[in-house]
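There are structures below to look over.
One chain, subunit A, links the two complexes that follow: it is found with subunit B in the first and with subunit C in the second.
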Partner chain A sequence: MSRLEVYSPEGLRMDGRRWNELRRFETSINTHSHASDGSSYLEQGNNKIITLVKGPTEPTLRSQLDQTKATLQITVNLTKFSKFERSKTTGSTKNERRILEIQTALVRTFEKNLMLNLYPRTIIDIEIHVLQQDGGVLGTLINGITLACIDAGIAMYDYISGVSIGLYDTTPLLDVNSLEEAAMSCVTLGVMGKSEKLSLLQVEDKLPLDRLENVLAIGIAGAHRIRDLMDEALRNHAQKRISNASNK
Partner chain B sequence: MSEVISVVARNGAFQKNMITESFESDNSDNSDNEDYNMSGSDDDEEKPATRQIASDSDIMTPGELITDDPVWMRGHGTYFLENKTYSSVAGTVSKVNKLLSVIPLKSRYAPETGDHVVGRIAEVSNKRWKVDIGGKQHAILMLGSVNLPGGILRRKSESDELQMRSFLKEGDLLNAEVQSLFQDGAASLHTRSLKYGKLRNGMFVEVPNSLIVRSKNHTHNLPGNITVVLGVNGYIWLRMTSKMDLARDMPPGGSTQTSGGSMGPTGAVSLNPNSNISITRLEEESSWKIYSDENDPNITNAIKQTISRYANIIKALAFCEIGITQERIVIRYEASMAYNDIGSLIQRDNMENIGQEVLNAEKMRGSAA
Partner chain C sequence: MTLSVAEKSYLYDALASTPSIRPDGRYPYQFMPIEIYTDFLPSSNGSSRIIASDGSECIVSVKAKVVDHTSDDDLLHIEIDIAGERDDALITESCTSLFNKLLKNIDMKKLQLTKKYSFKLFIDVLVISSNSNPVSLISFGIYSSLNSTSLPKLVSNFDDLEVEELPMFHDYDLVKLEVVPPLVFVLGIVKNNIFIDPAASECEVANNGLIISWTNGKIIAPIRTLALNDTNTKGFNPNLIQEGIKLVEKYASDIASALQNI
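For the complex of A and B:
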């Protein structure tokens, strides 16, 4: 059996997972309490990201001021050392088209989920640093933002959990890594809580329409599992804080 | 990879019967049954829990159902959808009469009328200062709600507007009281008392606002000739005790016993009762002095060190997430004399020790709340 078989006849993927298995999911909350109002560190497989939420605060520019709701601003910093090979581009990657696209997708996803109308005339600034990436980054970014926003105490309707699903021949593969992502067409989902409402659906490749339903089904199930994992981590964190606070 | 996180396709409303046989057969040989059971039991738990309501100590997370009983009024941290009340933040449930709200684990300072806050001038604009008080929005301090040099009964003139920067400029620290709140939750401040105003002769410390409990008095004289202003917004000012601070601690009526002076901190300057300043006699004190940028020339190195000792004690208490009160600061100050090096107070293990000792001491005295 070739080492680089995407999906072996035995039903194992390159990293030894089955088709319906998520990657390792580890998170810590409130990691940067001095630098931000809410923060999280998330490892989803080999994706490693730091998310900082600053705000709601007074906007620095008049143009950012909205009389009726908070302005949401998301900055993604894909570090140059985050991939297998150091990216060779000189200068800042800030204005790269791909990154602007990710930022817009994230803002669109979260401005409907966060209750921005509760914070008029303020700005919520979210800053994400991707330390290492290994496929399905957009999904990981969504999870990181959800956790950091909850930590910041910003009101939201529900969790949003993100996950990427690839389609290999007829088999959907849950939570793809970078090798799988390069080898097949992928879908990224953002799912609201335990519902089947999608707040993000990103398809960048061609995909047979009759397979989409299967892909979404396993994607939603995977996203629900991620929601549970985030919820568990959050409750553990909350329990610690509350037991501390009872010492007041 | 130590643990395997696997997922089974659920039979949700979305799929109807679209899951193919291959999905099902794949599931059967996986040990995913617990996942099935888990999602099943979740739904079961939610149903009986609906009529009665989550108890105070329960942690709610966003999107979690609190109650489907429509008699509850919905407060902060909740939202209402199809006759059901859900949580919108992570925190604990609070019930006041019929008002239901969820208090987040942490959030920015939300001003309330009467709060004693410490703030920093962020902007000077038309007839007002914008003050950063650590809230969602800057607070507003109107030119009309400060004491200007020349007495309380003086009319505000155009020249006052022009020289606003000579009273308070960007970066200046002040303490003030929240006078009122605007519709959108922003605060309006006032400094119309001699206990409020520009801050000098000291050092600024910031702690999470949840650690400061609202109380009657937020200014305390501490041993070592130091006064602390515990702003409700988590901003703290430590300064050398002034005559004003001592006067505040004197028994009312301006009695002439020296007991007032000896009640004050150890080593405090002895107070001449005749030079006692009444807080109500604004005219005498409303001179340019109250807006001076100059520190008192009499601050000795010893006082500076005591101030930094207190600052480090407060940082250590905040690190351990222990509520900050005058009693705790004083207890820790006395105990901290064991550490000669003030800087060592904020080393991680020392901070942990300090927190533990405070809690133990309170347990021993049985005064832990």
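For the complex of A and C:
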């Protein structure tokens, strides 16, 4: 057990937040307009990720061609310098099982949310570079993809917002950082818009079943808040673009 | 980038004429505008993000670790990752080998902490997108990230061979790393003209290319030729190598001082 106090009796966490507070959430879209069709840069706490959406375009391989819908491909690049200690693996991190698992989870989540049937015989390639990670990375990846897909103009049913929740004794803690993530059981949620529908639920640790409802409730509330933050950022961006266009 | 036959021939004639006319109106010695941000990764000792006006982008992180240099004398480790390319792709491997050779020119004495211990630098390069050969952009990125690198300040003794002690560092004071990293320039050759920093469209019609490295006011090894495309590559007049070297010698110090001022 770490010597740091994860949750003080006064109700404060290591970084000074209360149990139901999110981390700093800053985002911008259309950051790489030359390199991709849609892009976003997202800082959620100390997580920093760049998401690039390329497509829908004609696939290079015949095997990627689907007559009825677009093929969705997601590549996650967890850079070696993204953690505090540089990762020691000598070879490539690209084919590590954990990363393949994350990629599959993301594809399955977004396959249901993006209207892929509108883009038959094409491929949508999503590339994510994680420049820095500090807990709850999967949730951040979900938010980054949602923003970049909206920037790319790909039809989707609703926002998906991701967040991680930890359970410390009986208190659920919203939006865990890496220290908290290491100290307790965590759940990652992907929530559809303002609904209570979950499009992703990842639990890698043991969690008492009778606490799960509590954890999910605070998680869904946090995800709704993230959806609002993303929506606000997008609307601000759109406003700026409109005023730039009309000033010309 | 795919150009039609007519476009290619127009571009070739423009670049081959005297004086040469570049599609974006640049002089032969002129670079595309670049944007550089440094120190944006708090978990790295130094970092930089460099974006060229054609959308090529590269992120460099420098992390340091204390090692015993009596057993591990390789104090610089560089890894280049080009998005969309495999780790064993030709472009990735040739870039890595180029920079491995090049960074031998850095004065390793600057990394020494005590008689026994040194800092080992891990330089990780991530090329997010590139439209032409990225080596020049990567070298600018490495240059500015090493310039923005600060390392913890040593408070224990320099001489630690007699007294067995581990290096101790100041709680928050940092020392700026003072090294002069080399720069790499890519030059395009069209007929008898040579120009710096070829854009994607210029690469498409270039007869050949040159990689010239420079540090501290002089040209250094490696100097390489580089085929910029598969269709137009031809031999070139050897005098052009001289000309290219002169061009780099003349303008490189300006570029270095511009990068230094960030």
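We take it that the second predicted complex is superposed on the first by the 242 of 248 C-alpha atoms of A that agree within 3 Å, B and C clash if a C-alpha of one lies under 4 Å from a C-alpha of the other, contacts with A are read in each partner's own complex, and residues count from 1 in each chain.
Heads up, the rule we're going with is that a contact is a pair of C-beta atoms (placed from the backbone, for glycine too) under 8 Å apart; a residue touches a chain by one contact, two chains touch by 3 or more.
Keep in mind it's a predicted model, so treat the numbers as computed, not measured.
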(Q) Under the stated touch criterion, name the partner, subunit B or subunit C, that contacts more residues in subunit A. (A) B
Q) In the superposed arrangement, does A:Glu21 touch subunit B (first), subunit C (second), both or neither? A) first
(Q) With both complexes superposed on chain A, which partner does A:Leu174 reach: first (subunit B), second (subunit C), both or neither? (A) first
Q. Of the two partner chains, subunit B (first) and subunit C (second), which one does A:Lys194 touch, if any: first, second, both, or neither?
A. first
Q: Answer with first, second, both or neither: which of subunit B and subunit C does A:Asn77 touch in the superposed model?
A: second
Q | Doubly contacted residues of subunit A, that is, touched by subunit B and again by subunit C | A | 33
(Q) Please output the residues of subunit B touching subunit A within their complex, sorted ascending. (A) 1-10, 12-15, 18-20, 23, 26-27, 30, 32, 35, 38-39, 42, 57, 59, 61-63, 77, 79, 86, 88-92, 104-108, 122, 130, 132, 136-138, 184, 186, 208, 210-211, 213, 320-323, 359, 368-369
Q. Can you name the residues of subunit C that touch subunit A in the complex?
A. 41-44, 54-55, 57, 59, 61, 63, 65, 79, 81, 83-84, 87, 122, 124, 126, 128-129
Q. Residues of subunit A touching subunit B in their complex?
A. 11, 15-25, 30, 33, 37-38, 55-58, 115, 119-122, 150-159, 174, 192-194, 196, 213-214, 216-218, 220-222, 224-225, 228-229, 231, 234-235, 238-239, 241-242, 244-245, 247-248
Q | Touching residues (chain side subunit A, partner subunit C) in the complex | A | 32-36, 46, 48, 50, 52, 77, 79-84, 86, 91-92, 94, 127, 129, 131-132
